[in-house]
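After this come two complexes, each holding chain A, first together with chain B and then together with chain C.
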Partner chain A sequence: MCAQPVTNTKEVRWQKVLYERQPFPDNYVDRRFLEELRKNIYARKYQYWAVVFESSVVVQQLCSVCVFVVIWWYMDEGLLAPHWLFGTGLASSLIGYVLFDLIDGGEGRKKSGRTRWADLKSALVFITFTYGFSPVLKTLTESVSTDTIYAMSVFMLLGHLIFFDYGANAAIVSSTLSLNMAIFASVCLASRLPRSLHAFIMVTFAIQIFALWPMLQKKLKARTPRSYVGVTLLFAFSALGGLLSISVVGAILFALLLISISCLCPFYLIRLQLFKENIHGPWDEAEIKEDLSRFLS
Partner chain B sequence: MACRGRGGPGQPPSAALSPVSPGSLSASRTSAHNICMVSDFFYPNMGGVESHIYQLSQCLIERGHKVIVVTHAYGTRKGIRYLTNGLKVYYLPLKVMYNQSTATTLFHSLPLLRYIFVRERVTIIHSHSSFSAMAHDALFHAKTMGLQTVFTDHSLFGFADVSSVLTNKLLTVSLCDTNHIICVSFTSKENTVLRAALNPEIVSVIPNAVDPTDFTPDPFRRHDSIITVIVVSRLVYRKGTDLLSGIIPELCQKYPDLHFIIGGEGPKRIILEEVRERYQLHDRVRLLGALEHKDVRNVLVQGHIFLNTSLTEAFCMAIVEAASCGLQVVSTRVGGIPEVLPESLIILCEPSVKSLCEGLEKAIFQLRSGMLPAPEDIHNIVKTFYTWRNVAERTEKVYDRVAEEAVLPMDQRLDRLISHCGPVTGYIFALLAVFNFLFLVLLRWIIPDSIIDVAVDATGPRGTWTHQHPHSEDKVEDSGKCKTR
Partner chain C sequence: MVLKAFFPTCCVSADSGLLVGRWVPEQSSAVVLAVVHFPFIPVQVKELLAQVQQVSRVGVTVLGTWCHHRQEPQESLGHFLEGLGAIFSHEPWLQLCRERDSKSWTCKATRRQTPTAAGEDQVLLIFYDQRKVLLSQLHPPAALPDRQAGDATPSARGLAVVFDTVARSETLFRSDRFDEGPVRLSHWQSEGVEASILVELLTRASGPVCLLLSWLLSLLSAVGSCWSRLRRHRGEQVCFWNRLKAVDPSSSHVPPKVGTGLSGSRSERSVPQLPRRPVEKPVRHVAEELQHLLQWLMGAPAGLKMNRALDQVLGRFFLYHIHLWISYVHLTSPFIERILWHVGFSACLGLTVAMSVLSDIIALLTFHIYCFYVYGARCAVLRAGGPPGGLYCLKICGLSSLWRLFRGKKWNVLRQRVDSCSYDLDQLFIGTLLFTILVFLLPTTALYYLVFTLLRLLVVAVQGLIHLLVDVINSLPLYSLGLRLCRPYRLAGSLPRRPADPPLSFQMQPLPYSRVVRVYRLPSCGCHPQHSWGSLCRKLFSGELIYPWRQRADKQD
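Up next is the complex of A and B:
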């Protein structure tokens, strides 16, 4: 379709340039067409057990939600005294606090520059305020019907699981939103408990299990992977045990869910890698790899 | 009017384009086409696609074809307008959804477009830009009506994220039965062929062009005691403004006689202002803000070096305009840029601050040692590369080829949709194609083609424009008269 018919093509080689008039038609397809096409250059090779290990974060979070709901159920039924829960919670928090510093030998504390006095202050402020406001928390959603409370709690806990920071670099991740949703669910559920002391202890427990526990987990995972696996298994079994004491069917379903997430999903992830066809070429938008903020600081 | 302003009073675009009278050219031609350019993007909106459509239309009119442009209404500008040489523009009253692109339902534009295609006796629909919903609608309706279609793709897309997966699927559907596709560079062709799963034989590469008479050098406008680097681009992430914010302090500290002039506006302007503030460069970095296209040349001629930091680019008119003004171009090596200028006129760098700084330092060294050719010489080389005449000539060949092809009958079209676009999408769009056809049958029953008036033909071989208004200015037809409903 171009200006001249092809005459002595043997000598003339096609060039990938636009500024020269070449003796080829405009729709000419050279042998070099798509030669710069690359496939799966950024694809990662996954090891099965490594993926299983990583999936434990999800398992942990599911178990946290499960433990939380089980504890709430026991409190609601009057089978668990609030003082006992508070005592256990306080003891495990203290152990966790000591562990948190022990694991990395105080490195993280030095880096952040936070003193123990500051920790104590914020803990005291939080406990005092929650205790003072617990009558308000108790009555805040009391007038809402129980069905609505349950539905809301379910959505909030689901939201907590969806937006939780599992370590993926995605737009949907928001640890603030995730924590807020979990606390909201705990406030909702607390209003169904008999007294305001129950509500106070429920919200405190929610903070412990949804805010403090994941921090400790993260550090455990980074520093001592072996003990982390142990802790995860222990935690999963205790969550299952708790659920088993309430409902056998629920426990079986939950166990199936945990197994499919920790064993089946990694298997499928690796199997589906075979079908991956990620195309790259000169048309890709270039990435700025350097840190440009240094020019502004 | 926007398009009239670009040449200045002494040099209307038509004068630059038509030294030969249209009659003599059309006499030698065998077949003239009735072409309808469809895109959401046209004047008064400004940009590469807009000027491409305008310039291509003017050159095709010069070659004796009938050309009309269909776009959506811009503010109060709706109805029909005539531009230079009787180029008729329909501004259709369709709702703009996002970024000047109209909303699409695939059906609502059929009555209007069908009316236009019939009354203008259009034979070839030429759609522009994959961002334009109206362009895709027109391709779909044209196929239902049995017209030939051509599509020009002006942009590059990735494959990795969710949004591009969806848009690429839509492009596959839209281009599945388009007769011919035009891309602006070889990289763009590879990209489009992959995105829309096309046969590369039906994709032609016809580059963009710049009007070299608009971009002439003027060495007396620049100060040779200092070195001036020009940047003209929208200040957005995709144009690499972040890289620029790293280059400016790095080089300004090294070269005390280096100045930057930055034209363009955008959300990233703030970081350039911060850099200027932080390093106290107010007298050496000038931010001009948004530039009109006609002012670009006056900015370009003030500099010695042109810097382009784009992260993705299908063709990049800016570097051709800069080279045409006689500047040494330093650019990132992305997209179709390496194809645009020969190595002697451009310094290609990797998209990183370090590499771009090295490229600029090389250019500065060449400038100081007098190794760079004179601006006039660069201009004389560049002006032969890309001309709208050449673009029109090659596009015309595409039209000639397309006009001889047979339009797929309905059953084959449905087969092709189903086999080409995948099981789910294919069946959905085949169903929509059937609905569209039934809608067309209904419209034909309400107003048969035979009673639709034939529009006054302004351009083309027997165009009224050349007979009645040989030297007149633009005519604006009263929008009340037009048949847009």
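Up next is the complex of A and C:
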């Protein structure tokens, strides 16, 4: 090959293959070597206010945890009568239930095929089991130290916040685990309350705020974004107000946390997009674009 | 070339004559069995050897000459002995000579067919005790040359040949010095057969005599124990009736003779009531100890944080059970005592029977501990919400399945793996509620389970020890051990010790006791523990019931 006439080399084009012998030195780099390089082809352009709107889910969940803890503190101190909390919770649950159907005009209910009788049955199961187990819950952690219970609850609520389904598509997300951790924390905290009625109402409230309220939120967010923003603001301010009545420092810290999550983090995310350097090319792993579902059935 | 000549110590002081024995060409060793004294007729010697060879199937030949100089050495005798080699041709021809001072020996081995200087070999003289070698058995027995010659070491094989030769040529030792035969021999029995006959008779008779003696002894002891029991029993009856009389003033005028007669006639009724104490007392004591233990558990044992309500419930349940057990023992102790009293007679059948009966009695009297153990295991199972079909399933089976639910997973039975699963809201809620409750109640149940399992393990260990003892007694080779103790040479070890002195003597090294036990152990009944340590721990952890030495075929229950 090396002995080929020099006149032919002009017509020989460089090829990016290794299986052919080519009349170029080993360190030769052609102009076309990196012409298939692409940068940031999947990068998204974020709008600031859209990101702020999406971050409201996190704010909502933080506020839920905050409201739950504040209510538990009031109950523990004896400042909040359990009957009042039960009445309020029942009323808000009924309103939420009506709203849940009104928002999409019963469309979601038809799609899921869930009857009202099933809803009533679930509610009865909740109430019955919680009421039946409330004396057990009351004496469950008698001999366990209060600090242990607090630590366990804090870990469980943190886990609830970490594993919650905020709409991201990640492996860590597990709404089941998140809900279970919240219930575990609520049972732990409820066992510290003075009477079994308190424990019963606390666990019921936990179900309302951790299981039912996010479902309504999701529907609100999908159907009526404006009202969702309003509800979020209202909820955040009420949580802040509740925390303010307990501890000023805590309220200030919580407000800073909320502001940083809803305003600072989106801004930072958009700024960081400028530094994105994703390169793509023919060396990427193969991606199967074809729909394979017909083979699976 | 070195020849080995095995020479019997009993022939050391024999008169001059011919050496009769066997030549082992593979080992190049000569085993001298006896000495034929002068005078003899060579034809008769050959006939005798042919007879012996026919009976014993050992190649007994004339190996050479033996010369014992009691007086001054005679030149003519030497020539005569030289000449004998021509009559009894053997290759090589041994010439052993012992001088008068009995210290110096001369050994020569000549080969006639090779008339060179190399025809004379060196001879290594090894003395052996013919009687001991005849009576003893070489270990391992598999090293005998006619069975497996290949796998034994050469030295062991050579020894085995010596043992075999001596043992098989017993017919040679039939005749003694006082026999009027054509040939006079000198060997271990040549001093007279009578003594050995006496010994033989004694050994033959010792077996039946020992049996008879042991039988008589056991009979005596049994009769003695029964007599003592009966006497104690009777004494208690008399005491009882005396007490009764002391209590009842109306019967005080009854003559004592009538009182004893009354007790004799009423003994059928009074037997079950009286000897209650020996059984009831320890049982009651154990039950009281258990009550203390339960009361300790119902408090705050070792500073553990138990759930007080569940603790009280479990403690009261077990206390009630102990109460039931005590009253049950109180009710049945007369019958149990009577049964035990009769079962005690079975001790006449031997120590192992008595120990087995003891093991069974222990199992019977610790039934409440077994019950507690079963309750503890099952209680833990039920409490953890295990499936109703499998009471022997994992104690924490329910907890583990609830833990899977907690993580949003489930066990896929078809694929034998953990899959993710989407649960309903109410399922999640109830599962988590139960999970929380179980997690906080687990220490309490686990502690009860632990304590009762330890008690159960104690009982199982005691029973296992008794079983082990019975097994050892059953399989211990008493006769071989006794033989080893009284006649160590009867069980010879494989390799004799080699002394440092030049006149080598063949010393029997007795078999060590451990090897005696290993070789002669009787086949035991095979009561081996069912579990290895690992599986035992796993079963204890998972709450499966353990049994000491047997296992039920069907565990489904």
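Note that in this section the second predicted complex is superposed on the first by the 281 of 297 C-alpha atoms of A that agree within 3 Å, B and C clash if a C-alpha of one lies under 4 Å from a C-alpha of the other, contacts with A are read in each partner's own complex, and residues count from 1 in each chain.
Definition applied: a contact is a pair of C-beta atoms (placed from the backbone, for glycine too) under 8 Å apart; a residue touches a chain by one contact, two chains touch by 3 or more.
No experiment lies behind these values; they were computed from the predicted model shown.
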- Of the two partner chains, chain B (first) and chain C (second), which one does A:Leu234 touch, if any: first, second, both, or neither? neither
- Touch check for A:Ala91: first (chain B), second (chain C), both, or neither? neither
- Query: Regarding the shared-chain residue A:Gly281, is it in contact with chain B (first), chain C (second), both, or neither?
  - Reply: first
- Touching A:Phe126 in the superposition: chain B (first), chain C (second), both, neither? second
- If you stack the two complexes on chain A, which partner ends up touching A:Leu18: first (chain B), second (chain C), both, or neither? first
- In the superposed arrangement, does A:Ile252 touch chain B (first), chain C (second), both or neither? neither
- Message: Under the stated contact criterion, what part of chain B meets chain A in this complex?
- Response: 156-160, 180, 185-188, 190-191, 193-194, 200-207, 238, 240, 242-243, 245-246, 249-250, 271, 274-275, 278, 311-312, 314-315, 332, 334-336, 338-342, 351-354, 385-386, 393-394, 397-398, 401
- Message: Per the contact definition, I'd like the list of chain C residues that touch chain A in the complex.
- Response: 300, 305-309, 405-408, 422-426, 428-433, 435-437, 440-441
- Note on the structure: Within the complex, chain B is touched by chain A residues 1-3, 16-19, 25-27, 29, 33-34, 36-37, 278-290, 292, 295-296
- Can you name the residues of chain A that touch chain C in the complex? 122, 125-126, 129-130, 133, 136-137, 139-145, 174-177, 179-180, 183-184, 187-188, 203, 207, 211
